[in-house]
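Single-structure report; data block below.
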Amino acid sequence: MSDPFLLFDLLLAGAVIALAIATLTVRDLFAAIILFVIFGLLSALAWVRLSAPDVALAEAAIGTGVTGALLLKTLHHLRYVTGSLGTNAVESLSPVQPVPAGVSWANAAFCGLITLGLATAFLGAPHAGPGLEGLVAEAMPASGVSHPVTGVLLNFRAYDTLMEVVVLLAAVIAVWQIERGLSDAPAPALGEVWEGFARLTLPAIIVVGTYLLWKGSEAPGGAFQGGAVLAAVGLMLLLSRLYVPRPAHRAVARWAFVLGTGVFAGVALLVASGGRVAFEYPLEHAKTLILLIEGLVTISIAVTLAALFHGREPVAVPAERGDNDA
Amino acid sequence: MTPDLIYGLTGIAVFAIGLVGALCAQDRLRRVLALKLCSVGAGFLLVVGAWRTPSAAPDPVPHALVITGIVVMVSATAVALALIRRLKSLEAEDDD
Amino acid sequence: MLEIIATAFIATGAVFFIAGTVGLLRFPDIYCRLHALTKADGLGLALIALGLALMANSFGEVFRILLIWFFVAVASATGSHLIASHARLVDRVHENDPDRERQT
Amino acid sequence: MTETPFLPLFILLTSLLASPILFALPESAARLRTGINLGVAALKVALVAWLGWKVSQGVIYDVSFTMLPGLEFKLQADPLAILFISLSAILWLITTVYSVGYLERGPHRARFFGFFSLCVAATVGIAMAGNLFTFLIFYELLTLATYPLVIHRGTAEALRAGRIYLIYTLAGGLVLLLGTLALWVLAGTTDFSPGGVLDQVVTENRLAAQMLFVVLVGAVGVKAALVPFHAWLPIAMVAPAPVSALLHAVAVVKAGAFGIMRVVYEVFGIETAQALGMTAPLAAMAAITILYGSLKAITQDDIKKRLAYSTVSQVSYITLGVALASPIAAIGALAHLIHQGLMKITMFMAAGNLAEGLGVKKVSQMDGVGRAMPGTMLAFSTAALAMIGLPPLAGFVSKWYLAQGGLDAGAGWVIALLLGSSLLNALYFLPMLHRAWFRDGKEQDGDAPAKQRIGWMLAAPPITTALMVLAVGGFANAPFSPLEWTRFVVAIEYQE
Amino acid sequence: MMIDPLTLSIFVPLFGAILTFVFPRVATVSALLAVLGTCGAVFVLALKILAAGEVLVPLGGWAPPLGITLRADGLSVAMLAMTALVGLLVSLGALESLRDLRQRQYFWPLWLLLLTGMNGVYLSTDLFNLYVMIEVIALGAVGLTVLSGTREAVRAGLEYMYASILGALLFLMGVGFIYLQIGRLDFAGLIAAEASGATSAALALMVVGLLLKTALFPLHFWLPAAHANATAPASALLSGLVVKAALYIFLRLSTYMPLPDETLVTLIGALGAGAVLWGGVQALRTERLKLLVAWSTVVQIGLIFIAFARAGQAGLTESWKAAAVLILAHGMAKAAMFLAAGRIKDEVGHDRIADLDKSEIRPTLAQFTFAIAAISLIGLPPSLGFIGKWSLMEGAMAAGYWHWVAVTMIGTLMSVAYFSRVFAGFLRFDRMRGELSEHKGWALADVAPLTLAAAAISLGLMAAPILSFIELGYPFGAAP
């Protein structure tokens, strides 16, 4: 019991679980989203305690920041569509078939059982058990970067990361296909204080984003965290209407989305043709290649996350809606 | 009571809460929140899997996995939210 | 010697944070609570930042802490301004709304 | 020595390939369609003749390729198969002529003839199947090919009949699948071999072998219209005349009887079947079906229904012959397979002519029909008399051998049964003849003689088959007559 | 040698997707080229497999526990070949049925991403990589489900999204437990690991996640609406191919991880039986043709799980082959049936089963294709479905599990019943007195499903070579 942080950990764990329960039980949706954002930040803090700074950064930036923005935008859209924008309508905004009490209790009991099973299995498992850290440490000199997480992300398991960026691309294609048209729920003007703030912070955020990207090769940071921070730039531009997406920009946007994936896959294949296997960067070029890929992937991620926030393909939807009668 | 024990159980608890929410919540937005909770719970478990004895360097592989998991989860959430928005505007369009 | 001063600064900073939180819980309506939050927490943050700066072992780190303080201060100011203007907007809509129920 | 081993495959493929071509033909190309039909039918008869001649020289044909490890798709042209193929090939040629005439104006002939040739291909496949697995494949194909023919008219009643037909035959198919599986699991092979394959299995567990016998015979019995499973046959009479003629006289019902023969002779082997004590209940079931079919036939007023019930009872003669487990009875059964086919097809075609030409569907309306359509009615009468068992005709030959077989197997009651059933046959055929010839149809004397309303295409086939009935009956002992051939076949089955 | 076919079969569709997304006007041509390229890569891979039995590509040059290895063996190449074949024919079939620009513009990138995901699943040997691939497939599939844009489609798409995210997260949780226990995520590690509390918990989580993705009986709620409301080519892809990826992973996991005991296998078989019976009843009750076909998917998946559980845990080394044959048969037949159903709906104007026969135009070719595909799904001989059912029943009978044989028989009878409802609609024509128009020529959209259905039927005759191909490189051995 000598560990000074023990009390802190217990408190933090309690707070995280309490917030999780509160997120699902509080009546007002807006409050639920805010509680969720706080939950995300606290869990990021917990991950810092578990000495996982990269993951904490990613969770805070993407898991909570961008997701929170998406949730708020969706809530705004739901309220706008149901016309309850002005008032703080607390009831849920979508048709609700009340789940009979019996079923929800059965579910709860069922999940309780699962939790018990998982907990006992977790306690039974070896703690601080076997892992791949030895192998990673051994292979790090050949990876071209010094920060282990970036090494794993962009060299040892580069295939996973490529597919992850493909998932992001698939998401933006799907979102563009689902939502269309120029009209968007009209956001109220944010006033000039916000303009001043935006004008002041935008350049700073860009600098911080690129700094994060650059530091990625030897300290916690990298493509995804940098990309998320740069995405914040996009979000602020969209919110403050400094940039309004127009149909003409679609071609550029499409290029930006596929830039990261295309270059990543292209480099992987080019490298493979020299008698090596895909993703096998030659040692001397490894660092430059990884940085090139990381930079472009960051740009792609930033533009994609901003487009996901905007949520629709900026195209003039033909007047009659019946274009899809399949 | 080392940190990884505490946070491991927290992760499982959060996953379970998310599971209950995903199964019983009727409101569409809340189900997305519940699923996101599940993903954070799974993230907890992986990060705990990476934790090594205090102050020793943690295992980087699960960290990379969780980062990938987070990015994948945000794209899935974005698509789900787009579907909710679309469904709502279609329903509103049909009602009036 | 430096550590004692730094811990003192951080302790007072923490006290200001507690004050801000108590203000958040006790004050009746949104405007007062905004008031308490921005003022108390802003000062608390400045003190903690100062304390940390004293303990920092390189000028780069001090500069970064300063940068953090600056941005958090600007952000919280803009944030509270936006919340206040939104609250004004919603109140005006409720003015002519008979069953105006106090929202949290 | 196996010369051109692919002859059986050619025979199968002729009608199999003809069906897509016939499907694809537009409705208007009637002349081309008739040409193809007749050409293919003639080609098939020629091939079968050549195959028959070859097999009689002792040539063994065997085409097989593996579908699953340990399981082949096997075509084998043994004498028993030749018997059945020749019957179906010849009768298919005649029925094609008949159906071309019958369906001149009807809609959807392309589809009709497509499925028609598909189902003949299935019959040929069943005949030449080298093992129970291939038999099963063509057994199911036959069901699928005949279902659209049964509901060709598309009326609500036809559909109901089709549904019942489908339920019976598909259930039979599934049970056969189960039986084949059990056989493969128990005996390790599903091949047909004259002495039977289940010798060591019988010794191990009798009960499993007995159950397997019940399952297999039951499955095949559905198509052979044994008593509990016969209900679909009369109901399926709603199909157009050529369908009921070819299918219910030759293809479907005979496939069932043929299946029973394969199972009893070549899966179990007659001695093992007897040792298992299963032949006695089978004979009993056959006897019951014979009597039941004849009794029901008497009560039926609709001509085609009466003929259907008579088919139910006639087919069971074959099952009886098989079950009696004596070589002579087997000869009688095999001969009856051919003779009954010829007789029944003549009657069905004649009934079709009556319905088509005079609109006569009921027995009660048959007064004076003989004078109105002399040719058709002459054919009908010869076939009816042959069926009853008048001495020189085909029916008598097979009944005679069945009776001898019964004596030889020590089952005296068989003679009584045969005599009784002949009497019952007379009871339901003679009134029809009496009405046709000796009653002058007073109330409809006004209508012109119906003869020229049905073209030669409808009149000729029944007459030719009637002549064949006479020929088969008269020259029973000629070298290539069916009877000779059955002796040759039975010699193989009983050679051990 | 140039780039190995494994990497190609994943990267060609990926580049195809990028091209079709960036150049929408040229989308159709580049998409077809990409699919053809994938077929070529898979063909070359099949030749290598025939020669070498299994092909390994350690990506990035890193050894297995650290890096990810792509591995192709008999079963994975069989699945790849089916996906490529069905995909090519569905793409040809889709050329006509995607009329308006928006659909055409978005069908191709989503479909090619789906293809990338599936090829990735079939070649991967790393658990977390499978998770990411499942997500690629999920997003592509939801995008395709919602392509038609109608309200029901969007609602079904949302339900499908929830189910697939939850399934994927359960799988991820399982991956977490595996890493906790054995510290590595590749299949070789799984085989070497001995069963412990954490591994069985992980297996349970992953199995439940996969059952949710494959829509086995109690977790099938999302499938009928999603597959029935999608456009014809989309539902053909969803029903024919997407469901198979999760089934494939299930097969892999069940052979690599020690199934704790007999009860889990029988439980899965029981769920399969439930799917067969419940799906059959629902199929008998539906009014709409595409919904009937979707319910038949639920039934067939149940059947595949019964095939898996037919001989209990002892028989697992053999029964996965029966399940694999059924998967291949169902993939081809179901894709053909959905395309045919789409064609019928386009020509007749509606897809209500009751008055299928009241329309004056009779899409004869599409109906003929539907009938042939139904024959393979019912499992009548010479079709591949029959071979699957035969090996299922044979294994069950040899092991003495008669109840699986009974359930399969009932399932077959029920499938005959609900398909003959549709056949009755096709064949009953006397009520339409008008002169029936001769079938209008051979549209390309008809040829594609026809070839698929013909393949499903005729491949039954080639069952022996298929089975021996599937067994190539079967025992995972200590390869990676």
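First chain written, first letter: the chains are A, B, C, D and E, and each begins at residue 1.
Following the convention adopted for this analysis, a residue touches a chain if its C-beta (ideal position, glycine included) is under 8 Å from a C-beta of that chain, and two chains touch if they have at least 3 such contacts.
Predicted model, so just to flag it, every value in this text is computed and none were measured.
Asks: Based on which chains touch which, give the shortest step count from subunit C to subunit D.
Replies: Between subunit C and subunit D, the shortest chain-hopping route counts 3.
Asks: Based on which chains touch which, give the shortest step count from subunit B to subunit D.
Replies: The distance in steps between these two chains is 2.
Asks: Strictly by the touch rule at the top, which chains does subunit A share as contacts with subunit D?
Replies: Per touch definition, common to subunit A and subunit D: E.
Asks: From the centre of subunit E, which chain's CA centre is farthest?
Replies: In terms of C-alpha centroids, the chain at the greatest distance from subunit E is C.
Asks: Tell me, please, which chain's centre (mean of its C-alpha atoms) is farthest from the centre of subunit D?
Replies: The chain farthest from subunit D, judged by C-alpha centres, is C.
Asks: Out of A-C and B-E, which chain pair has the most contact pairs?
Replies: Between the chain pairs A-C and B-E, B-E carries more contacts.
Asks: Averaging the CA atoms per chain, pick out the one whose centre lands closest to the mean of every protein CA shown.
Replies: E
Asks: Please compute the C-alpha centroid of subunit C, do the same for subunit E, then give the distance between them in whole Å.
Replies: Once rounded, the distance between the two centres reads 56 Å.
Asks: Between subunit A and subunit E, what distance separates the C-alpha centroids? Give it in angstrom.
Replies: From the centre of subunit A to the centre of subunit E is 30 Å.
Asks: Approximately how many whole Å separate the CA-defined centres of subunit B and subunit C?
Replies: 29
Asks: Hey, how far is the Cα centre of subunit A from the one of subunit B, in Å?
Replies: Averaging C-alpha atoms per chain gives centres 11 Å apart.
Asks: Among all residues of subunit E, which ones touch two or more of the remaining chains?
Replies: 66, 128, 132, 135, 139, 142-143, 146, 154, 173, 177, 179-180, 183
Asks: Which residues of subunit A are in contact with two or more other chains?
Replies: Answer for subunit A, listing residues that touch two or more other chains: 118, 122, 129, 131-132, 136, 156-157, 160, 164, 167, 170-171, 174, 178.
Asks: Where in subunit D do residues touch two or more of the other chains?
Replies: none
Asks: Every pair of chains that touch: which are they?
Replies: Touching chain pairs, listed by label, come out as A-B, A-C, A-E, B-E, D-E.
Asks: Under the stated contact criterion, what part of subunit B meets subunit E in this complex?
Replies: 15, 18-19, 22, 28, 31, 35, 38-39, 41-42, 45-46, 48-49, 59, 61-62, 65, 68-69, 72-73, 75-76, 79-80, 83-84, 86-87, 90-91, 94
Asks: Which residues, counting only subunit A, touch subunit E once they are in their complex?
Replies: It comes out as residues 117-118, 120-122, 124-126, 129-132, 135-136, 139, 155-160, 163-164, 166-167, 169-171, 173-174, 176-178, 180, 254-255, 257-258, 261-262, 265, 268-269, 272-273, 276-281, 323-324, 326.
Asks: Per the contact definition, I'd like the list of subunit D residues that touch subunit E in the complex.
Replies: Its residues touching subunit E are 23, 26-27, 65-69, 73, 107-108, 136-137, 140-141, 144, 148, 151, 153-155, 159, 163, 166, 170-171, 173-174, 177-178, 181-182, 184-185.
Asks: Provide the residue numbers of subunit A that touch subunit C in the complex, in ascending order.
Replies: 31, 86-88, 188, 190-191, 193-194, 197, 200-201, 204
Asks: Residues of subunit E touching subunit B in their complex?
Replies: 66, 128, 131-132, 135, 138-139, 142-143, 146, 151, 154-155, 157-158, 161-162, 165-166, 168-169, 172-173, 175-177, 179-180, 183
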